[in-house]
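Here come two complexes built around subunit A, the first alongside subunit B, the second alongside subunit C.
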Partner chain A sequence: MLLQQIINGIVVGSVYSLTAMGATLVYSILRILDIANAGAYALGAYVGLFSYVATDNLLLSFLIGMIAMGIWGIFVQKFLYLPLLGKSPLISLITSIGLFIFLGDFIRLWAGPQIKDFPADLKLPFSGIKTENLTIMSVWILVLLTTAILLLTLWYLITKTKIGLAWRATAQDLEIAKAMGINVNVVVAFNFFLGYSFAAAAGIMIGIMYNFISPTMGDVPAYKMLAIIVLGGLGNPVGAVVAAMLIGLIETLVGGYIGFFLPRDSIAFIAVIIILLIKPQGLFVRKNI
Partner chain B sequence: MLKLEGIHVYYQESLAVSDVSISVKEGEFVTIIGANGAGKTTIMKAIMGLIRVKKGKIHFEGDDLTNKPPWVRAEMGIGYIPEGRRVFPDLSVVENLKVGAYTIKNKQILNQNLEKVFFLFPRLKEREKQLARSMSGGEQQMLAIGRAMMLNPKLLLIDEISMGLMPILVNTAFASIKKMHEEGVTILLVEQNAKKALATADRGYVLETGRIVLEDRADILNQKDEIKKAYLGG
Partner chain C sequence: MYEVVVAINIGIFTILALSVNIITGYIGQPTLGHAAFFGIGAYASAILTGKYGVPFLLSLPLSGLIAGFIGALLGLASLRVRDDFLAITTIGTNFVVVAIFQYVPFFGASFGLSVSPAFIFGMKITYVGYLFLTIFLITLTVLFLRKLEKSWFGLAMGGIRNNEGAAGSIGIDIKKFKVVAFILGTAIAGIAGCIYAHYMTFISSVDFAFATSITILSMAMVGGSGTIRGPIMGAIVLGLAPEVFRFAMNYRMLIYGALLIFTMRFQPEGLLGERSLLWTNINKLFKKTYSNKETESGIKNDNS
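And then the complex of A and B:
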């Protein structure tokens, strides 16, 4: 029972970590909170579903959804955030909320307000595990594998490649990074491409796991994502993953053992309030900043 | 090599630098001295492209830099040692140096430059893998100098090499930039430590509240009464 709950928690936490990663990456470079990242989560799920219906190929629909949202991310930063850079971060925040609301309504206009579902029989190349007291659904394995692959890819890009070095330098000191010859426009575009494609992957996975997508599916993740990146120490990718797993586990364990008189989604925020009361800097903050 | 023609720069909506014209010839060591807040850093940032020039032009080797982004200027061969060192705190020493050589595509040249920096500052080689944030102020200054050397710059902009350093380290820092100059790097140094700066440079400008008020050979400026009184402590 405990093992089962922990596995459930990690599956949920995986999706959260991908959802929060986009906003974390954006924050670490531009110091703005990008709520519209959750718009890419919803829109990505729709693009993924439509691609799946059209191609009948899950891997391909993941790729199409992620690349489409990645390109969308590049547009958003180029035409919305870069012109606002240097102004108060509140302006960017309000802009991102506006864009997020717009996206929800755009989906409603384009795909209709009703809930849609993924086809029931996904052709996964592996099956689930079912023993007497443990169930691991094949979809969960899909979620865990996809998350692991994406996070490892991210880790590799950031720590081992030249663009990753540029990314870290830019996150630490944007002005000096420019003076050292780093074209920060390219770095920021790369950053948004990754962040938005991760959000799309998370949206597609949630669509598959709960078997429904809707124009408002990004609403709760938008706020939960904020809770996670604050908890993770604002702009710290590793912190965000740990915080996401923690929230996923707390939600499942509290829901599974204690039961709760409030909606499940409120648990994350209550946990954040408690943790921030004890540790106002978030769980993982750099020492000297 | 470098030519500023009547530049005006605003900083947070107030005029920080007005009608400044400066020229640096190839192979020269030029210094701009002035009190705190005279606009020295602003001039450096304007040359590097980190702050917008409202009026006037900046030329480098005949090219008009005025509207070029900073990374293009770095690629053209302008190195920068910023005020307060500004090393990347969470990058290791060797990563900091690699960022300095970001525009160099040829791996062989990059490794040569790295060897050169390590030869000049063996301390940096010892601490290769250490994070910059964990180093002392003096070591961070070495790193900032080394990072600028990684570019093999034609022109090196230095903003306050002596700030926050112990006197003995100030001498080391000046010795290392003097060495770079002897190897053919053109240098523009802004300094509060006027005595040291004028002793090392060929030529100097005096900046007062955003304007150039004097320009002459460094040894002549060193002898002027008004300079002695204002900047050299009597």
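And then the complex of A and C:
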């Protein structure tokens, strides 16, 4: 029972970490709480679904969804966020909320308000594990694997490549990085491309896992990922993964094992408030200041 | 009749936008959970009048007091948790408060609460009565805020917003001012909640969800935060938008979202903010006739 709950928690947590990674990347460079990232998450799921219906190839539809949303992200930063840089963070927050509302309604008008099936016919090379008191569904393994692959790719990009070095410098201090001759515009665009394509991947992943998508699917991630990136320390990707796992585990364990009278979203937020009151800078404080 | 209902709604949101503006506009603390205090006021009044027989006129200030008391706790938290961390804490507060309303039987749980009609001096308040009550409270709030802006307290809050470190170094008690700003903002929201509860005669947790907080904050920001005219303008514009665009019923949220994006992108100080297009032109228009006002607006410009 406990083992089952822990595994459930890890699966939920890895979905959260994938979902929150997009907003974390955005936050790490521009210090914007990017709610509109959840819009890209929902829109990406729809693009993924339609391209899956058209091509009947899951991997290809993943790529199409990710690239489409990545390009969308470059547009968003160029025309909305960069001009607002340096103003009060509440201004870009309201902008991003406006964009999120806009996207949600755009999807509703475009694809219809009803829930859409995600008819992914998974021919997985592995099957799930089912014993007397432990169930691991095959789609969970797929989720865990996809998350691991995407996060490892991200880790490689950030730590081993030249643009990753530029990314790290810009994340530390945008102005100094600019002064050192780094083309900050390219780094920010690259960052948004990554962030928004991660959101799309998470959206498609959720669609496959629960077998449906809807125009309002971004509502819950919109605020939960904010909690995760802030809890993980200011836009620290590793911290965000740990925070996501932690929130996933706390939600599942407290909700399912102890049995708490409040729903899981509020359990997550109670945990976040308690942790922030103890550690006001989040779990992982950025070292540079 | 319909116009009166729309007007009361806009009026209540005007009070809310003015009250959130004390926290986000004057002293510059992000708060994304203001609807929680709106809800606390509403539930407090519903329970006080319904279960304990407290008269409406007494429950009006009491619900403000209760909301303000819980707001003080958030204010204390804001001393420790800052900036974006504070924003998340306030979002969390909103979710927890709504969940408590929704799951605790004392608050009617998922059925919501029906609220007894309000009487003033033995007379039942009609819709028109609520409209006048709302306008009266807006006037009271505006007068209070005007007084506040001119006072030492208002100047100190502006100082904290512009540069907390500098304000602290010249001896401004930052902690006290932050907590008091939270108390004032949340207490006024609580009073708005009390009116809302009695005028709606039925409340449920959904009315006070995170989305409502966003609406309130958007009103203050779109109108122009840090001013009095701004939140009023924002509440009217965003409150009327769904009515004005009724002919485009299906596209209402699309238009609403676009309205937020374009206002913030091209008029980041808000429609009537200090350096906004509209306000500069209005000022120019009036400066020609009353040039002696110049000195006053000059002082204000330095503040923002």
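We take it that the second predicted complex is superposed on the first by the 284 of 289 C-alpha atoms of A that agree within 3 Å, B and C clash if a C-alpha of one lies under 4 Å from a C-alpha of the other, contacts with A are read in each partner's own complex, and residues count from 1 in each chain.
Operating definition for what follows: a contact is a pair of C-beta atoms (placed from the backbone, for glycine too) under 8 Å apart; a residue touches a chain by one contact, two chains touch by 3 or more.
Keep in mind that this is a model prediction, so the values were computed, not measured.
When both complexes are overlaid on chain A, the residue A:Ala148 reaches neither subunit B nor subunit C.
When the two structures are aligned on the shared chain, A:Phe261 is found in touch with subunit C, with no touch to subunit B.
Contact with subunit B, but none with subunit C, is seen for A:Asn183 once the two complexes are overlaid on the shared chain. In the superposed model, A:Asp173 makes contact with subunit B only, not with subunit C.
Partner contacting the larger number of subunit A residues, of subunit B and subunit C: C. In the superposition on chain A, contact of A:Ala227 is made with subunit C only, not with subunit B. By the touch criterion stated above, A:Ala54 is placed in contact with neither subunit B nor subunit C. Residue contacts after overlaying the shared chain place A:Leu134 against neither subunit B nor subunit C.
Look at A:Leu165: by the touch rule set out above, it reaches subunit B but stays clear of subunit C. No residue of subunit A touches both subunit B in one complex and subunit C in the other. Subunit A meets subunit C in the complex at residues 31, 33, 79-80, 83-84, 87-95, 97-106, 109, 223, 226-227, 230-231, 234, 261-263, 265-266, 269-270, 272-273, 276-277, 280-282. Taken in their complex, subunit A has these residues touching subunit B: 162, 165-166, 168-169, 172-173, 175-184, 286, 288.
Those residues of subunit B whose C-beta lies close enough to touch subunit A in the complex are 48-50, 69-71, 74-75, 80, 82, 86, 88-91, 95, 98-100, 102-103, 133, 147, 151.
Here subunit C touches subunit A in the complex through residues 24, 28, 30, 77, 80-85, 87-89, 91-93, 95-96, 98-100, 103-104, 210, 214, 217-218, 221-222, 225, 250-251, 253-254, 256-261, 264-265, 268, going by the rule given at the top.
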